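To start, the structure itself, in structure tokens.
Chain naming follows the written order as A, B, C and D, and within any one chain the residues start at number 1.
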């Protein structure tokens, strides 16, 4: 998937961020969001122990003891704080993060997601994915509409291992924005020149068109 | 009970403290110990959030935001640290305190103690007593031999509510030092001019005289 | 400074029957200004979760006299006679919790932990009727997490975002309570600009703090004194708190 | 400075088959000097509890290559290929734990809590065969506390008593691991006199620390570099860690 498409998705999610919110960004497309936020005032939480994570520092200011959950060097914004892993996940599990933006391998039509393991492959990494799924007040999935191989990610029923019982609130892809209300999926917005029929074809999950639908 | 007797007990316990140990002192006679330690190097932990608690400060240095668990002003020794109540009890419950010196209402002949409630009276205070009883590596009971009314405190079986299943290691009174080994009680030392018979009379608990007994 | 409000506004976030988590050990680290405001309000049937109930006429002691409290949950109510008397007279229900269990239950409440197993209180009256579990051959008792409708805490310093630091042992229960309250109101001695507190010195990050109130008491000679009559008080040695 | 020992002495406290708690996230906050010493020893069948296994040839990655490890308990082993390959080749057992559950289980291990209930992983493969409990209408999974025979942690500064501070996100799992190890060995960049660290700046009080080892790596350009060949490495850009 081209970087342009990934950036398009990140930009759209950035528009949805609410001023003053505490936001945790997962791996994948969400890592592109910091560069799209502009001067919107959100507080980025990084699960390795930062609230108020800032932009990538200049090379000469790089400190590998000040890194993001992606293990990339970062900076601290004014009013940032540092804490340990136990306190960081207390924030996450305790419901103190307003929003998590996560990538996903699959999302089903009820809003349940799979974002940590692929069937038949070694299951060797979960990181903070399950803590964020259960703990964040709101979850937006930022993902390409299809896998690299062209398979649908927004499915009827998960075939990949679930990340938790908790349902997500929204999906943003290069083609569309879906919302979940009471475990039902609604198309809110079309974000490309795709037709309804084409969208339906690449989206096996059942969804309705929202009464507040916005055309692209 | 006279202050002299209370001080005598505190001094005896002070002699038993091991250089370098982390010690928590309960209310009652144990609060007299800091003044008896001399230059023995022990680290006092206070459950409201201090490791390295120092002596009572001069009046003009009193800060009621630097207090002991008895709510008395204290100072900080070199290398002292401050932490919150959750972290303080993590130390206590987690077995990181070498020794707790506690007062007691009763001790039975197996080493089980009662130090928080009196039958028939309002049970309205427990503080950190039960956490210390279950968590400290070693427990010494510092108490007068008899109650104010002249009743025995070292008894056959507790008639006051227990502070926990954990047995204590030692009792120091104005008359004697007892040790518990595998829930059996041994007289180690006589600390006054009391005779064996007199001691027996005021000590309903069954005990043996230790093979390493020291006369007063 | 959107979070800065007046004490009268602060108590508008409390409803009759609410549970309030109140910081402090003795009266060190107690939000006295906010508590004064409650004591002079009509708020009633409150459950106070706090290590103790301040002192007679100070901190939560004032609420006891003013009749705002229905129940107290804490570890030590025998320091003064005020709590014992209220209980004997049937004016106050009391739920006694070991101090370490109280701290841990509040931490769990803030950390999304439903409950935990501790050895503290096993074999005592306080563990009666509680679930037990043997883990690696040792007996533990189950304790449920504690959360509160409103947390009323005291910090020494806040920045404009609500990042907090505390003064020595005034820290005590304040941080865990900040994590465990649905609404969190902090009383502070001083407000500084965001960025003035070093990232590693912040004890309570701003995401836990909803509102900030300025402490009207003044620290003098190591104690907090009501400013309205501080001259007189410091002469007579009464009215001081701490 | 009774607690200061050489790396070779430090690893004498580790026995074959021990569980070692190893601090670090990525390789930030990892005790590289101590791990190097283990990698060049005959120690075997160790279980490493650590968020991840360092990187290929760095930190715990070295132990993997040297054959010291039997098992790894952590949250993320897919950063590099080294852990995945070891697992595929049957050289390494892996137990996967959500990152927050790992942190909390270690904290409980150090805090005398037998276990706790979390919503994390409910309804997933990682909660299969684990006890569930409904608390206030919500489903939780039981997780047992984790302790280790030896904790190997990294701090930036220690005073002569063993009070520790950490450098920014190098803190990560180090403090909780210091509380959860039976024997605790810390690797530090700098040792100062007792009293030089402010009481409120101490993250890990000295009662948790048994031994101190000096870090042989040197921080340069934000990364830790092996001093023996640092000149060469900084030219080639290899051998650096971070």
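As a convention for this text, contacts are C-beta pairs under 8 Å (C-beta built on N, C-alpha and C of every residue); 3 or more make two chains touch, one makes a residue touch a chain.
Every value quoted in this text rests on a predicted model; they were computed, and no experiment measured them.
> Trace the shortest sequence of touching chains from chain A to chain B and report its length in steps.
Minimal hop count between chain A and chain B: 2.
> Quick check: more C-beta contact pairs in B-C or A-C?
B-C
> For chain A and chain D, let me know how many angstrom lie between their CA-based centres, rounded off.
Computed value for the inter-centroid distance: 29 Å.
> Mind checking the centre-to-centre distance between chain C and chain D? Centres are C-alpha means, answer in whole Å.
35
> Residues of chain C touching 2+ other chains?
104, 107, 111-113, 118-120, 168, 199-200
> Any chance you could list the residues of chain A touching two or more other chains?
Residues 82-83, 89-90, 92-93, 134-135 of chain A each touch two or more of the other chains.
> Going by the touch rule stated at the top, which chains touch which?
Chain pairs that touch: A-C, A-D, B-C, B-D, C-D.
> If you look only at chain C, which of its residues touch chain D in the complex?
It is residues 104, 108, 111-120, 133, 135-136, 138, 140, 144-145, 165-166, 168, 199-201 of chain C that touch chain D.
> Considering the complex alone, what residue numbers of chain B touch chain D?
Contacts found on chain B: 22, 43, 45, 51-52, 76, 78-83, 89-97, 134-135.
> Name, in rising order, each residue of chain A that touches chain D in their complex.
46-50, 60-67, 71, 73, 82-86, 88-90, 92-93, 117, 122-131, 134-135, 161-166
> Could you please specify the touching residues of chain D with respect to chain A in the complex?
25-29, 51, 75-79, 83-84, 87-88, 94, 96-104, 106-107, 118-126, 139, 156, 167-176, 203, 221-224, 241-242
> In their shared complex, at which residues does chain C touch chain A?
Listed in rising order, the residues of chain C that touch chain A are 107, 109-113, 159-161, 163, 179, 194-195, 199-200, 202, 205-208.
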